[in-house]
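Shared chain: chain A. Partners: chain B in the first complex, chain C in the second.
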Partner chain A sequence: MSAPALLETKGLTKSFGNVKAVRDVDLSIPRGSTFGLVGESGSGKSTVARLVLRLIEPTSGEIRFGETDLRALKGDKLRRQRRKMQMIFQDPFGSLNLRMTVGETLTEPQSVHGLGRNDAERRARGEALLAEVGLPAAAMDRFPHEFSGGQRQRIAIARALATEPELIVADEPVSALDVSVQAQILNLMRDMQAEHGTTMLFISHDLRVVQYMCDQIAVMYLGEIMERGPRHRIYEMPQHPYTQALLSSVPGSPKEDGKRAKLKGEIPSAHSVPSGCAFRTRCPHAFDRCKVEVPVMHQLGEGQEAACHLLDR
Partner chain B sequence: MLRYLAKRFLLILPTIFVPLIMVFLLLRLAPGDPAGMMLGDQATADQLAALRAELGLDQPLPVQFLLWLKGIFTLDLGNSIFFREPVMEVIPRYAGVTILLTLVALTLAIVIGVVMGVISALNRNNPVDRGVVTSAVLGISLPEFWFALLLIFLFSVTLRWFPVSGWTPPSAGLIAFGASIFLPALALGIRQSALMTRMMRSSMLDVMDEPYITTARAQGLPERKVIGSYAMRTASIPVLTVAGLAAGYMLGGAVAIEIVFALPGLGRMLVEAVARRDYPLVEGGVLTISLVLAVLNLVIDLLYAVLDPRIRYQ
Partner chain C sequence: MSPLDMTAAPGAGTETKVVLEAENLGVALPIDGKYVPITTDVSFSVRRGEAVALVGESGCGKSMTASAIMGLPPRGAKVTGRLRINGRDVLDLSPKRRRALCGSEIGFIFQEPMTALHPTLRIGRQMTDTLCHNLGLSRSAAMTRAAELLDLVGIPRPKDILKGYVHQLSGGMRQRVMIALALSCDPSLVIADEPTTALDVTIQAQVLDLMEKMRREFDVAMLFITHDLEVVGDFCDRAVVMYAGDVVETATAAEVTRAPHHPYTRGLIDAVPGTGLERLVPIGGSVPQIGAWPEGCRFAPRCSRATEKCAIRPPLEGAPMPDVRCWHPLTEERT
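For the complex of A and B:
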């Protein structure tokens, strides 16, 4: 790891009743990097996003933000910490308050966190943010419903930047958008990150999007991390059968050949996680040991790790 | 905005026209006539005919209606047969009581409904929520005249906090006025407040699940602001719709409450005027109630724009 981690989780676990949505997730996101979290829907990746932002309470585990123990923060201290960690959600329509003008949406987080000396200054910063995301200053006095999906996501990005956060958690930020607009928004997010040096936790089910955006990648399945590592290792030499299967299902990928590892069936319900390795019910290589023993992470060099019994051999 | 207001005021005319025709016809279809009521059993046919001619009751119905309509536009609603003075002078004496009663009841209902609904939603499925929901069901089920009697028994007879009945106008002091109107307004408003509680609760629960509420929290907005200005504002809109319906219901329901609490209001006046076949006074009373209801609904429509700035009237 080159830079010290800005966000770190250890043993992060979240149960809803007897459903374990997230189990023992360890993440370490170096300052200034983009970390990708991929998985099918139901893999628990959005729950991880909500956990690290402290929007829901973890069942157990640690979350550290720089030197701060996030789990120890409560009330007003937690509220003030939120200035440093903002988020962009999937649905740009639902996540904007439709009853507030864009100007109010962009100035409110500033005034809540005491940024800017007066309304005029906050408004000027709002206009600057709009310019940065490619919208005219005239947008300040309009309402979200007057904009297209892509424009609304630009507004959501501007709002996330309004408090000068150190971390942005983006949960499927482009999956609700048209493909042509997706590329624009992804480029915008890359530019933003280069400009502000923001650290980003980028969550998506789309492997191509993650490949384009992220330096480090973790693959989640049924609430657990199956494999993680630098982008080139994950895409060029995936070691976990699940990662291999995911990659080979990407249309037009080099792995999509005759012997492509197909994913059988659907992701099991989190109510009935299989014994042993969570992936064994859909794994083409599953053998007896997978049923009884949970695989441990194997270090594979350059920071790549995978949890699979096949790597013991 | 001004054009919108002007348009809405003009639209009030056709709105109140229908109840006016209905009341005009219903009164004349009912057995009994004012002349007979005034002169009593001993009157001769000649005397009756003379009085009927004097009151204009011998004219054909369409002529009577048109004459009355003309009167409305010249602000002359005729003379009350019983009081023997202009309807335009009788009605204000009674209308004030009913309008104040309705406004206070509506305010009480909205405040109770919104507050209880929010408390209930924020305590979803715990004992507080269950208690509120149970009381709301009880409130919806109670007939208000019965609730009025219970209130009188508890607060006036047993605890002696409020007067048993009667009316004190606001000019006699706000405290005395408040004491005389609180129980009637509560009795009139309780049912509607129960409906609003349920509406506010479910609407709050819907809104609290919206992604923009999560976003607002994630941005670090204080919870007070998330609930107060984000969630409650949106969730209040259906309650406002209920308030519009409630206003009409209360103006009608005021009759029973005015009788139980012996308030000199329009509702009680109307019941008595109908019994006396005082045609002009009944018509004037219905006209007044229709007008008040139409104006209240206009005010409520304008309030939508306050809660949701996307609504612009033109």
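For the complex of A and C:
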């Protein structure tokens, strides 16, 4: 169908004490594509990001990066693997070292991973990266606090690119930005991806942003994937009741009987995930079976899949 | 229509009664020993039963304008211009009378309910304090009313919730409590500052439905602060667009979201991803810092239509198009 997967997870599960943050997540991200993870707060998106980068250990499940079994990597091998996987966060203040100049921020990861023959070469590459993200070379000698939010996010992107990664995980990279600047960064990330062929795991709670950025999308709810598939299938013919409700809750969507809300009630706590289908307490179509049986993924064509008993016909 | 055309005559028809009227409202703050303008010449009005959006990007002065209206600007602030609430000039009132007036006529809903709700006071205590103070109810009458209000905003088991604390509630439920509290003194004006920004979309939809119901039931004037143009189009009747401390455009919500006349508003719309996948058109550059606004049109350095004339500051009324602060407004409708 498409390119072979660069990143693949099977049955990925993470519990924090009795909080089941991520349950049984299967992902397959084709090389060179952008894969979107959407869902409301607490659905487990950031936990998946941290698991995939091996920043935390899974409770169970597999993670493969190309031919490599990521869970088996240790020490030096893991360190070398890290060069191939970089992260961009929502708040660049949290990820940039405030005491380092932009130049140091861009050359340090190169030295750590033994890239570039000498300081001059690494610095030249730093300047080239800045040019690529639309910042002047003069920015090299300044500190993160001297830049606006959008500029800091450009620096974070340049830093992520410094090690020539194969995978970039971006966790809500534009959520803190104003729309006029958000558009600049989204375009920049799309250009970067086209230019370098980087594979991207793109996390956002903003359905419009995900639609703009991603080729494939997975919708998460309470730690599980409810539905996944190519962009056009998810946005034009969502099959899972949760995906349908999520899309029609976006402001500006048509109202039914003058009402915006398609779902009643609150998102349950991750401490007490409902039995059967995790979504059943809010699902407008829930029936007896949803309470007792966990729905399996149904194949719906073109790689679209959804976990709902209604599709069992 | 110009906001100045709608001055309330005492005893005017109730449907068109102007509740809030700001005229060249400005706030300046003392920074490093001198006053720096934060907002200037903010003019707009809100009528009974109407929801008016105050929309713009971060730092443009939306919350500052709200705090000036509420009579709670930061310490040392200089507030200029005119502000009328139900036809009464309020800027020259004594602080005490101002507080009394605001307490009985304005309700507030904030983005983060924890800033307005006390963490260690029971919810019932907070609600009855307000009711006793503003409406002169007895404790027990206030408690009954508080339970009614919670029921009205869709909170299950109101009596139990009244005995609890805010931190025990989810974000959506806290916002419902805020709405009940804002309406408790039967205000004529409700100011909502990003009331749904921190909520998940499915919860945001519930809270917007509730706010719409309350707005009709209580027939209040609503000033709705947001940075989300989709919410403006969905929820509001009219919109006031702000940029760098200025009102740049005032129009119906439909016009602002579909056929705006100010290049900045157009730029905002083009920057938001829609259902189409065509490349976004960002606004170049970034918002100027306070204290470093350009002399003429504050948007000029980022504007593709700017000419020499834009070195002169355009007025809101008196430039080519009424209610559009621009020398070269967009006249053709685009879709």
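Here is the rule we go by: the second predicted complex is superposed on the first by the 303 of 313 C-alpha atoms of A that agree within 3 Å, B and C clash if a C-alpha of one lies under 4 Å from a C-alpha of the other, contacts with A are read in each partner's own complex, and residues count from 1 in each chain.
Assume a residue touches a chain if its C-beta (ideal position, glycine included) is under 8 Å from a C-beta of that chain, and two chains touch if they have at least 3 such contacts.
Small disclaimer: the values here were computed from a predicted structure and weren't measured.
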*asked:* Quick check on the chain A-based superposition: chain B and chain C, clash or fit?
replied: fit
*Considering only the touch criterion stated at the top, classify A:D91 as touching first (chain B), second (chain C), both, or neither.*
first
*What is the angle, as a multiple of 10 degrees, that the CA centres of chain B and chain C span when seen from the CA centre of chain A?*
80
*May I ask you to decide whether A:H205 touches chain B, chain C, both, or neither, giving the answer as first, second, both or neither?*
second
*Between chain B (first) and chain C (second), which does A:F143 come into contact with in this model arrangement: first, second, both, or neither?*
first
*Which holds for A:E108: it touches chain B only (first), chain C only (second), both, or neither?*
first
*Using the superposition on chain A described above, determine whether A:L263 touches chain B (first), chain C (second), both, or neither.*
second
_chain B versus chain C, judged by how many residues of chain A each one touches_ = C
*Give one of first, second, both or neither to describe whether A:P251 is in contact with chain B, with chain C, with both, or with none.*
second
*Name the contact category of A:L167: first (chain B only), second (chain C only), both, or neither.*
neither
*Based on the superposed arrangement, let me know which partner A:L70 touches: chain B (first), chain C (second), both, or neither?*
neither
_Where chain B and chain C come nearest after superposition, their Cα distance in Å_ = 18
*Looking at chain A, which of its residues have contacts with both chain B and chain C?*
none
*Which part of chain B faces chain A closely enough to touch in the complex?*
210-212, 214-222, 225, 230, 233-234, 307-310
*In the complex with chain A, residue positions of chain C that touch it*: 57-58, 170, 172-173, 200-206, 208-209, 227-228, 230-231, 233-235, 267-268, 270-275, 277, 279-284, 286-287
*Interfacial residue positions of chain A with respect to chain B in the complex*: 53, 55, 79-83, 86-87, 89, 91, 94-101, 108-109, 112-113, 143, 145, 159, 163
*Mind pulling up the chain A residues that touch chain C in the complex?*
40-41, 148, 150-151, 178-184, 186-187, 190, 205, 207-209, 211-212, 235, 245-246, 249-252, 259-264, 266-267, 282
